[in-house]
Amino acid sequence: MCLGIPGQIVAITDVDRMMAMAEVSGVRREINIACVLDGPAELLVGKWALIHVGFAMSLIDEEEAAETLRALQELGEAQEALEAMAEGQKALEEGKP
Amino acid sequence: MNAPTLSRLRDTRVTLSHGGGGRAMRDLIDDVFATVFRPPGMEDQARLYDSALTEPGARLAFTTDSFVVTPLEFPGGDIGKLAVCGTVNDLAVGGARPLWLSAAFIIEEGTEIALLRRVAATMAAEAQKAGIQIVTGDTKVVGRGAADGLFVTTSGVGVIAPDRDMAAHHIRPGDVAIVNGVLGDHGATILAARGDLALSSDIASDCQSLGHLMQDVLAAAPATRAARDATRGGLASALNEMAEAAQVGIEIDEDALPLRTEVKGMCEILGLDPLYLANEGTLVLFVPSDQAGAALAAMRARPEGAGAVAIGHAVAGAAQVRMRTAFGGSRIVDMLVGEQLPRIC
Amino acid sequence: MKFASEFRNPKAAQAVLARISEVADAIGATAENPVSIMEICGGHTHAIFRYGLDKLVHEGVEFIHGPGCPVCVLPMARVDECVEIAEREGVIFTTFGDAMRVPGTLKSLMQAKAGGADIRMVYSPLDALELARRNPEREVVFFGLGFETTTPSTALSIQQAAREGLKNFSVFCNHITVPEPIRALLQDPHMMLDGFIGPGHVSMVIGTHPYDFIAQEYSRPIVVAGFEPLDLLQSVLMVLEQIRDGRAQVENQYARVVPAQGNPVSLAAIADVYERRPSFEWRGLGEIDASGLRIRAKYAAFDAEEKFSVGYAAGPRHVPEPEGCSCGAVMTGRIKPTACAQFGRGCTPDTPLGALMVSSEGACAAYWQYRGARGAEAAE
Amino acid sequence: MNAPTLSRLRDTRVTLSHGGGGRAMRDLIDDVFATVFRPPGMEDQARLYDSALTEPGARLAFTTDSFVVTPLEFPGGDIGKLAVCGTVNDLAVGGARPLWLSAAFIIEEGTEIALLRRVAATMAAEAQKAGIQIVTGDTKVVGRGAADGLFVTTSGVGVIAPDRDMAAHHIRPGDVAIVNGVLGDHGATILAARGDLALSSDIASDCQSLGHLMQDVLAAAPATRAARDATRGGLASALNEMAEAAQVGIEIDEDALPLRTEVKGMCEILGLDPLYLANEGTLVLFVPSDQAGAALAAMRARPEGAGAVAIGHAVAGAAQVRMRTAFGGSRIVDMLVGEQLPRIC
Amino acid sequence: MKFASEFRNPKAAQAVLARISEVADAIGATAENPVSIMEICGGHTHAIFRYGLDKLVHEGVEFIHGPGCPVCVLPMARVDECVEIAEREGVIFTTFGDAMRVPGTLKSLMQAKAGGADIRMVYSPLDALELARRNPEREVVFFGLGFETTTPSTALSIQQAAREGLKNFSVFCNHITVPEPIRALLQDPHMMLDGFIGPGHVSMVIGTHPYDFIAQEYSRPIVVAGFEPLDLLQSVLMVLEQIRDGRAQVENQYARVVPAQGNPVSLAAIADVYERRPSFEWRGLGEIDASGLRIRAKYAAFDAEEKFSVGYAAGPRHVPEPEGCSCGAVMTGRIKPTACAQFGRGCTPDTPLGALMVSSEGACAAYWQYRGARGAEAAE
Amino acid sequence: MCLGIPGQIVAITDVDRMMAMAEVSGVRREINIACVLDGPAELLVGKWALIHVGFAMSLIDEEEAAETLRALQELGEAQEALEAMAEGQKALEEGKP
């Protein structure tokens, strides 16, 4: 029961009922923003949220996202370095340049 | 356009009287349907002749489909356009030249006559574009609640040239699978247009006739083995049926699949797989690899095939469809079980 | 798609997979003696198969598919109760699409609909609420189904209905919770799990602390994970690293979405509307203490169980699981779906026998659809 | 009969899953429809050949009709029988030899699968009797309330022999009008079977194929000018359309009209005119007077024509239908306006 | 058909026709100076055209088609009120088929049905009663329409509904009476009728005495007639014989069905359920005193006018007849349908302008259908 | 509003609601017999009634029917006699036998 996807809040549609318009890849749907409301609703416009069954359940922390990606990238670089080392080692062993 | 003739039809909505077999029915047919078909008049029975029929070895192609879409009009088309394109495409993917259509209308009491006029006009325009004639028809009216506005059933007759023999069982390992454009637009459009999921987007149906495209492909790549339009059940169902008919495996490449961003978005939201979304102007064909380039070039030369790409190929082995995922994994693409339901898990 | 496609980069995956292999080798994990990691959430199961992760990871890593599909664990008796409510005169029964095909003892909601019940698929409980507003002469019932991820949405909908004074809206509450069945699994003497992938979207609501007992009491590592393939691979790596290091901690791979303390608005709404049932039945697992929620008395007007006197409000009932079903064994990781005698024979997605064949999140259905459809290859 | 094969179809009612384009739909088609059609299998597209097509001067006949009857099963037939006979008859009255049928099914969610089996079996039996093959088909499922159980659309293809040219406009004054049997049985049967008028009787629909009958008539009376099946709108509508097409008057004799007592009774009760009641196995044809005897004899030699009688003739003058009443008077038999409604005034 | 086909014998007809000619000649009736006989009942009009009697009888006998078609004389405003009731949420509106196509100012019941109103054709008010029993949550309204022939059926149905305590059944009462408009016609200074064919089925309910005033006050012969062609011809003969003999009496040709005193059960039911309205509007004839019935206060619960506050219960209203309509002149015998400027032009059965083109009993519709369809011959 | 036809009462179906089955040329329909009830309902079985909108409105008087037919027949016979006389007269005038 956990299908959730990131969507951007593009407009507040009904302040009283805490409703906003969200957009996912060009597809729009009205959602409830009660769970992510913390101050004036307008401040949410432009923000990204994790959307589940028509509710914004959590604001996406862009810094944490970048952090995770950075970690993954470092892993990749480390791996490339390791592979390069391994190839160098191999070339060395086979006597090629 | 002819000057508008004086219409005997004064109602704005269809009543049961329009289905009673009397003058009101005649008026509806004459006024709404007969005027836009070619040749004018929707005869109870058409008498047809085409010289291609008498060529030794020529065969007749015959196909039928009922169309039941909700809503009746949607971005990119209406039920009439679907009904013409769908049957033209069924003839075309079988290697036939589409010649004649019949059109049978089941109309719910209360349906707006203006809507019927629009649908009939679409059908006339689409038939002309596809080079096919709507030669015979029928109209029935059912009570309110006994139908969902309008159902259209078209049947098509075409001619298959003497040397032509396309069939799914001809597919051989190594043949290249080609689609003419993006996948899932029609299915996604209808999901959004229906309104009950409260989704909106700018997607439009891909609904289009593929008769001319097929003729060009067959001229450029005469060894084309088989083609199928990926309608209900989507590309996945078309490929599975082909794999089963030919008893070959089919491997496709997720990265190669042409998909619009919005269609992907709709699938993410609803937990759907675009491979199972319906198309109404998208076909998949198998060509021996040495003619794949020619087939692609012929398709890309037409607007209906501008987005043509190779998406995979047939392989020896079990009759199943397998997809290399963009992520580097691989998974079976099975036939759908029932209809695809929006998921939230 | 922002915050999604970045986490599907195959190049980065190669690196993570290589590191997983390194660590797995370091631990000494082999195909014969694998590290068993349970992904609790059905959404993770789905992603694993969709991206073919199970075949990409080192052969010493085995995924065990957990009980985290709310449709799969729904007892047949509850489906029967849905049908009973849906078939009442004047009722519009609303549900997520997932639940439509789940078999009850006599029929599924799909079949009840074909038989004449007014059953409508909705994307959100908000849509059910809107139906209630537009059909004041009808009773609109929403099938409240799901883990903590979904519970806030029905709680907020009930609060909204109460604010508006809607008299014709109610929820048939089947909300369940994640920690309790995990504890039950860990108490199982047959249990042989080495670590867990924690449910990302449940955790965005409840935070990460409810899993502390897994690390502290049962000494198993758990990493709360996102749903993209890189999220999952990174989380597997993190679990393996804990194992290699002899650690057992609650880690959060999905920090971009999951705050350690969860979502306070959601938690408050849940606490306001719901309370724990003494016990709730899980398909394949049996009764689990305090694992289900019910609507509090102050919202009884919105409780379909009270309104229609069905379910727990109608007294005890039990429907035995179908014979030959090995769902329990699969769900506790004792056997693979293909080892069930019914798999691909009596039990297929179009005629599911057991719970795990029902939803595309169920382990057996996922095996069927993405790995071994049509029996033959399935039993390979 | 073949040994029953193991059915994959375990449902007793159609659900939306059976229309989704996936395996459930395949199972429904394979199990319910494909097994009873000839040749077995309902291909998406049929490839057809008949030597008669290649005869110089031969033409193709093409026709379509949707069938929407309530109830779906009634004394004397069901919707499937109607759908086969109706289209066979449309081909036959045009002078064509019926060869091939398509059958498209629109099924309401919840429809009993046992009913579909019965309808399919009726269609297979009726097609065999009529000597026509159901060669292609389609199945759609719509939600509950979006259709009235089952609609069937059949299209027919036949071949018209080179020398054959039947058309209503060929009718000349003096030609004899002949019907093959009693009038109004189908319409009266449906009125009673619907149940809302709470009438009961032993009347059964006349639903039957007239292809063989027409072949015999054409052999015996080759100068036959035109024929028409008197379906919706009844004999009155068929005659009016023919009078208009030929620009002749038509005079019929009330005393000569073959009518069952029960049909007369039902018309008296409801204030209806049997001339406007639908028939589904009754045709009217016009023959030059010197071949009328031969045509009648040929018809009476077959069970479908055992009740054949001459009912009147064409006359010079205004294009209208006039009836000599049994009482000695005369009145115009006009085309129906809307549908015929039960009267109590 | 027993008691019907015997009266359709063409051989006997020849004899009656010959006698009619004899008597007509004896009176001196000619085409230029005919005897004008009004058949009051639309059923008689229908039979005259169906059997072609108007062309069979002596040219000195002219049929004038009376106001006896309850559908034809229904004012547009009443049709509008039907539509108004039928379109109410929850209403099942039941009607005889005859009324379906009668145009109101905006639409007919047929068109209202197409627009979504739940309108059902029934054969009998009993069928409406049964619908009410089977649909307790709906309001079932029956369109009570007709002369004294039909009035007992709705009276008995209302009594039955009262006995059963049905709360959801009501009648929209438009019952009218025959004697009053005949009196109105006879008072018309343009009136040139020589005699009447009396309505057989109205008379089986009310008997023959209510026509005494025609003979006694206005010195016109009247013969109550059956509906078979021989019945009608014999009645024409009887009228002619009275004229020849200088008599003016009420005679009963239809004694097999019509008792002189009428039907006591029917009369009692009418008296129990209905009372006379002070006045009722007739299409083409205007308001006629005491010519309509309404439901008595004690049965107000079954009166749709009261229940839905429409019609006379909603206060006065008037809808003018369409322009160019000559229905009044045709109905009083001053002109033939074909003499109306609209006949076959603005006014045809599929697009009726005036009342008489609506029902197949209406004089204009009968002319169109059986004598002169399609304008050309019509105006011959 | 006067479409009435003769039908035969063939069975009593519900004494309390005064309902019976009537038959017209082989077509059956349940009708109300309140208006023609005058004694035990069973005595009506076999009788003919004039039926209108589902109600038996009047019992058909078979003697009166026969009487009317007799009158019509006499008219016919009289007419034939008259015609025979006229022909005889004509023949006489024309000098034929």
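Think of it as A, B, C, D, E and F in the order they're written, each chain with its own count starting at 1.
We take it that contacts are C-beta pairs under 8 Å (C-beta built on N, C-alpha and C of every residue); 3 or more make two chains touch, one makes a residue touch a chain.
Composition by chain, UniProt nomenclature: A, F = Hydrogenase maturation factor HypC; B, D = Hydrogenase maturation carbamoyl dehydratase HypE; C, E = Hydrogenase maturation factor.
Keep in mind the model is a prediction, meaning the values are calculated, not measured.
No other pair of chains shares as many C-beta contacts as B-D. Comparing mean CA positions across the assembly, the chain most remote from chain F is A. Centre to centre, using the average C-alpha position, chain E and chain F are separated by 23 Å. Per-chain CA centroids place chain A at a distance of 90 Å from chain F. Chain D and chain E have centres, each the mean of its CA atoms, that are 38 Å apart.
Residue positions of chain C touching 2 or more other chains, listed in rising order: 1, 4, 14, 42-43, 69-71, 96, 98, 101, 110, 123-124, 127, 146, 150, 350. For chain F, the set of residues touching two or more other chains reads 1-3, 5, 24-25, 29-30, 52-53. Counting partner chains per residue, chain D shows two or more touched chains at residues 15-17, 23-24, 197-199, 261, 264-265, 268-269, 337-338, 343-345.
Against chain B, in their complex, chain C makes its touches with residues 1, 4, 8, 10, 13-14, 42-43, 46, 49-53, 55-56, 69-71, 96-98, 100-101, 110, 120-124, 127, 146, 150, 229, 349-350, 359-361, 368-374, 376-377.
Considering their complex, residues 196-199, 261, 264-265, 268-270, 318, 320, 325-332, 334, 337-338, 341-345 of chain B touch chain C.
Those residues of chain B that touch chain E in the shared complex are 8, 10-11, 13-17, 23-24, 27, 109-110, 144. Against chain A, the residues of chain C that register as touching in their complex are 1-4, 6-7, 9, 11-12, 14-16, 18-19, 41-43, 68-71, 96, 98, 123-127, 145-147, 149-150, 152-153, 156, 160, 199-202, 204-205, 227, 230-231, 234, 253, 255-259, 263, 265-266, 269.
Interface residues of chain C, counted against chain D in their complex, comprise 101, 110-111, 113-116, 350-351.
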